[in-house]
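Below is the structure I would like to discuss, written out as structure tokens.
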Amino acid sequence: MSPRLSFRHGVHPPERKELSAAAKIRRMPFPSEVVLPLSQHTGKPARLIVAEGDRVERGDKLGVAEGFISSPVHASASGTVAGIDLWPHPDGTYKPAVRITVHPYSAQAPRPRIVPHWEDLAPGGIVQAVQDAGVVGLGGAAFPTHVKLSPPKDVQIDTLLINGAECEPYLTTDHHIMLEYPERVHLGIRIMMRALSVDRVMIGIERNKPDAIEAIRATLPTDLDVTVHPLTVKYPQGAEKMLIKALLGREVPSGKLPLHVGVVVQNVGSVAAIAEVFETGLPLIERIVTVSGRGIRQPSNLIVPVGTKVRDLIAACDGLTEDAHEIVFGGPMMGAPQASLDVPILKGTTGVIVLSRDETKPKESYACIRCGHCLDACPVFLNPQLLGQLALAGRYEETEAHHIWDCMLCGCCSYVCPSNIPLSQLFQVTRTAIGRLKALAAA
Amino acid sequence: MPRKATSGQVFTRGMWRENPVLIQMLGLCPALAVTNTVVNGLAMGLATFFVLFCSSLLVSTFRKLIPQEVRISTYILIIATFVTIADMTLEAMVPEIHKALGAFIALIVVNCMILGRQEAFASKNTVGRSLLDAVGTGIGFIIALLLMGAIREVLGYGTFVGIPIYGANYEPWIIFILPPGGFFTIGFILLALNWWERRKLERARPGEVPGRIAVERAA
Amino acid sequence: MRLPQLLVTASPHLKGPDTTPKIMWNVVGTLVPVIAAAGYFFGFGALLVVFAATLGSLLTEWVFGPKGSLRDGSGVITGLLLGLTLPPGFPLWMAFIGGVVAIGFGKLIFGGLGQNIFNPALLGRAFLQAAFPVAITTWPVGGGGFWDVRAENLSLPFMGLGQTDTVTGATPLGLMKFEGVATAVRDLFLGTIGGSAGETSALVITLCGGYLALRNFLNWRIPISIFITVAVLSELLHLLNPAYPGPLFMLFSGGLMIGAWFMATDMVTSPVTHKGCWIFGAGIGALVVIIRLWGGLPEGVMYSILIMNAFVPYINRATQPTVFGTRVTEAAS
Amino acid sequence: MSGAGAGNGEKRVLPQAPEGAPPAPEPKEVPAWRLLLTLGAAGALAGLLIVFVYQVTQPRIQAYKAMMLRLAVSEVLRAPARWDTLYVYEGALTATPPEGVVAEDTVFLGYREDGIRVGFAITGAEPGFQDFIELIFGYDAETSTVIGMKVLSSKETPGLGDKIEKDSAFVAEFEGPEVPLQGVKAARATGAANEVDMITGATISSRTVIGIINHQLERLGPMLEAYLEEAS
Amino acid sequence: MGDLFWIFISAMVVNNFTLFYFLGLCPFMGVSGRVYTALRMGAANIFVLTVASICAWFLNAFVLPYAPYLKLISFILVIASAVQITEMTIKKLSPALFRALGIYLPLITTNCAILFMAWTQANRGYNFFQGLAFAWGAGAGLTLALVLMASIRENLLFSKVPEIAKGNAIVFIIAGILSLAFMGFAGLLST
């Protein structure tokens, strides 16, 4: 038995993965319209290069990367650009998006293209190809992957961590990728190892996915130093700092990045996406999404064209149940609630969770009783109790002194708080406010 | 620049509206330490009154002669003199009370209320006005001490000026003559004053949220 | 498709099982056996005292508290615990006043649930002890049937115990302190002794407190550190001078058990950090030993907890957790 | 009104400027002799007043003190006709201590009308429940009994600890018990000659009273006996 | 030695100047808003008390036997001047220390706690070391009360204290509760 790999604190929410764990990945039919926001990733939005009325083929560029920390956006279906307008974005705002009316009779076959042969490419070439393909992190943050693949010269990366933790309840996306496409994951790892010139890879998978662990183990390449590590089941095991702590025992310094401790963390989905780029030559235009929760009739794991509206996704899962109450993009712990059925699935959307009335949390909250449960839950060892009070009192400078910027908004504190105080939400709001104040001060 | 107060105002304001203890929070320690009975409070009040009155008289009389540089030392010297006199007089006349008040008579010397009145008023005003001010402030001080003493004695001993007022079987609330009771009593008085003040505000301006004012004040 | 009325709330969208009222009502539930034991050992009068204290608490909460605050259950705990710290023969009107003071000046004046600094129940008791020191140190002698209600219980409001010249039994601590007589530890453990209603059966209290600790409704570090400190200090002193009582006596006598399990652990008035809880508990333990052995009063649990309550804001300040990744930064630089 | 915010203590008029610096720059220089003169005049006036009042009040204060002492001594020594004041000096009692030294303690030896010694009156002080309890007690060295006790000053809790002076039953306990005294709870009294019933609810104050007497006698007892032997 | 220890403990907790004798309440109400300020105020208090204790011992031993009626006047004037002189010395020797304590010194020099300490020390006839133990006990007690109150008040900033209790009322009530809690130490000297 391998050692218990974990981090301190954290919480154990009900997993509820059984809803979709047995559903094999299937492809959903193309919807009649897809909506592709130009900002689907961390960093600058892509720059538009098509106009209304243009005909586009599946895989064509709609926008190009604007600078290094940016990523292009590609058409996920063949059709006509019906409009370029402000469209509801999963983050709750309206953002510029390209709306494509899907050609109803198209075979949706991409035009023939050259598949780059990764073994012949220098690391820089791989990075370029990854950027051109618009690959971003599929683990949720949608950070452009090519940036992670090009570490600064002065840091030495010694380990590549593959994040297969999938600690969020309900989600089974990464689970099924590992279960059904283990070879693709390994191919992606090979490519990344070449791009990063590292020779050690560790794959961390939570123990609640024994079949995925088995599948990945069974297909491990024998010529490389790639190892699989079952992890303790605990949220947020998949957060990169926690993963690094669990697997390597290293602590990423406050305010620093994993590369400062010589590590790059990549989600299994992102790795598989890289492999696909070099298998098919297609850019990142579809992804696997878990649709789950008691509010959906048929929980599924679907291959979804990026830009599909939730409405269509739900229809592909037999629709909502009577008591469907809340729709969340991502997992229920960190995911964003959606007010509209028109928001599109993005590259970084790991799942769509439809919570029924009895799964949503109670609304009534009480005064903080200083129980300290939030301190026990916080994986970054903050004092959410104090931070919450400071935030409520508007004492922003002190929140900064108490490391509000180290908070990863994982929601553990809110989850355990018996008084139901929306702590992590408060921190998010406070950080936005601090940012605005600073911008004002700078201007 | 506020208007110069009339003589009447000079006389009455210290009694209640600007009561030195309850409103200005000056001279707190005697107000708490010796008010476990009405009589002690009264004796302390009278002694303080005497010192305040005599010091104001002297300071305002000689205000033009006392140079800035040594004025504080001079005031302290004057105050200390009268306190010593009060101390010895009380000891000779009412030794029992003198014993009950203990060191707190000597502490009148540092009672910030007295020095404050010299610095803020007697050194700048005529003898007449200064005496009016001293009498007003002194009465205010006595009122506060009597109020404290009455509450504490009635609850803590079940007597008023030594006379039992509840009959024999009353169970006294000893806490009120102990130190915590002193703090609680002035706390209660301030609560009552605040409540009264807010009620007045609410009546004066119906519809307005009085909470805001108090929040500003507390901030 | 049917357009549902969508709920939009911030993440996380899941909520842990514990809620504040649930914790509070659980504590109320675990107090039931303790109260039952008090009734068993002291008779109906003890139950009346608990009832009067609770009535005072709840009425005050209802009249002056925020709307609906009775439902969260914390006011009930305050009343019950206050009642359990009083002698079974305590005049009911005084117990009622204690409840009023506990909630009014222990809790509501600070803003209500969660915002008070001092343990309300103990504040209520400290007030009563200072106001009516004789009544609160008048311990009934045993005997009498369950239904015998003492005359003192029913004394009229604002009136004293009367000149009935009550025969007072002594508590084990009083006996020890003032007359050098030790009580058998077995009696202490089972509860067949004199004392406040809740100071009796260490067995029942430990079982109930242990249940709360297992469910994480109280921080076990606090009682444990209290017990360890008291045991170690009293063992050391006992070795130095056998006239001092030994650790078992110290642990099982007086209000230490109910204080450590139910009162020091009030989350509102104890530190939020684990390190803080250890310090808090150790402080209480040390103060208990100091007051019991050298102080003027036979029992010091109540004062020890109140004093340490006053230190809690400072302890919280001083024991902030070390943020993830900051130790490394310091080491690296 | 109660704009009296919490910061009031800082706002009030301070004896000196808050920065602790000398007074702000003056418009015109005041010559030093005037400063000294002012202070000197004030000092002289103050001295004069004080000395005058001192002269007037001192006799009464002294008289009162003497009266209190007389009352106390006559109370604990059952109204003796006269008494000697003895000083404890270098482990012995003496009626006339050497000039200029401060005696460690004083005791009073009382005589009846017929010249027979009643006993010693001894003072003592120890911390009680709140603060020091100071008392005087009469002691008959021949029979080794305490013959009276009076509390001179205490700050014990009214209604509880102050019973040591106000509860006549307790005070009467000290007429006749043998030393060393033994404090007991009324319920457990055995009737032994050295027992003193303690006050319920004020055990600590009672014990302090008993303790003061025992400790003083432990210390002074041998001296008293030595003095008596020498005198007879 | 034991004697000195008990004098210290007595002045610090059993008969805490602020909580039982109500001394130094004005600075207590004024500067107990922040822990940092309270700590510095406490240090300044200990400093002035030390100076005052030495002065009082000196006066009591050499001056008052000859002129008892000058007790009050001499205490107040000598303590004030001595503090002034030490203050100027500190300013020269250690400007940093002066900055930390300086602004509080005038505030407390003529403060009741200081005078009471000197007065009581003289009345009880303490010798030099007993006097210092008394002064430091008193200073430690003042600091303790200040710091506890300050940390509680910092915490109170987060509480929804009812409007009528805001300001001084709640501070007095907390002081009352502290005083009540410290009653647990009563009698600590008697056994």
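For reference, chains read A, B, C, D and E in written order, and residue numbers begin at 1 within each chain.
Here, contacts are C-beta pairs under 8 Å (C-beta built on N, C-alpha and C of every residue); 3 or more make two chains touch, one makes a residue touch a chain.
In this text, all values refer to a predicted model and were calculated from it rather than measured experimentally.
Visitor: How short can a path of touching chains from subunit C to subunit E be, counted in steps?
Guide: Graph distance in the chain contact network comes out at 1.
Visitor: On the document's contact criterion, could you list the chains that touch subunit B and likewise touch subunit D?
Guide: The shared contacts of subunit B and subunit D, listed by label, come to C, E.
Visitor: Of all chains present, which has the mean Cα position farthest from that of subunit B?
Guide: Measuring from the centre of subunit B, the most distant chain centre belongs to A.
Visitor: Using mean Cα positions as chain centres, tell me which chain lies farthest from subunit E.
Guide: A
Visitor: Please give the pair of chains with the highest number of C-beta contact pairs.
Guide: More C-beta pairs are in contact between A-C than between any other chains.
Visitor: When you average C-alpha coordinates per chain, which one falls nearest the overall C-alpha average? Tell me, please.
Guide: When every chain is reduced to its C-alpha mean, the one closest to the whole-protein mean is C.
Visitor: Report the inter-centroid distance (CA atoms only) between subunit C and subunit D in whole Å.
Guide: Centres of subunit C and subunit D (C-alpha means) sit 41 Å apart.
Visitor: Could you work out how far the Cα centre of subunit A sits from that of subunit C, in whole Å?
Guide: 49
Visitor: Once you find the CA centre of subunit D and the CA centre of subunit E, what distance in Å lies between them?
Guide: 25
Visitor: Show the residues in subunit D shared as contacts by 2 or more other chains, in ascending order.
Guide: Where subunit D meets two or more other chains at a single residue, that happens at 2, 4-5, 8-9, 12, 15-16, 46, 50, 54, 129, 157, 159-160, 204, 207.
Visitor: So which stretches of subunit B touch two or more other chains?
Guide: Each of 25-26, 73, 76-77, 80-81, 84, 88, 112, 115, 174-175, 178, 180-181, 184, 190, 194, 217-218 in subunit B touches at least two other chains.
Visitor: Residues of subunit E that touch two or more other chains: which are they?
Guide: If we look for residues of subunit E contacting two or more partner chains, we find 26, 29, 69, 73, 110, 158, 160, 165, 167-168, 170, 173, 177, 180, 183, 186-187, 190.
Visitor: So, with touch as defined above, which chain pairs make the list?
Guide: A-C, A-E, B-C, B-D, B-E, C-D, C-E, D-E
Visitor: Okay, in this complex, where on subunit E does subunit C touch?
Guide: 35, 147-148, 151-152, 154-156, 158-162, 165, 170, 173-174, 177-178, 180-188, 190-191
Visitor: Any idea which subunit D residues touch subunit E in the complex?
Guide: Checking each residue of subunit D against subunit E gives 2, 4-10, 12, 14-20, 46, 50-51, 54, 126-131, 204, 207-208.
Visitor: Where on subunit C does subunit A make contact in their complex?
Guide: For this pair, the touching residues of subunit C are 1-4, 6-16, 18-23, 72, 111-115, 216, 219, 267-274, 277, 316, 320-329, 332.
Visitor: Using the touch definition up top, name the residues of subunit C that touch subunit B in the complex.
Guide: Those residues of subunit C that touch subunit B are 91, 94, 105, 127, 130-133, 135, 158-162.
Visitor: Can you name the residues of subunit E that touch subunit B in the complex?
Guide: Its residues touching subunit B are 19-26, 29, 69, 71-73, 76-77, 80, 110-112, 114-116, 119-120, 123, 163-170, 172-173, 175-177, 179-180, 183.
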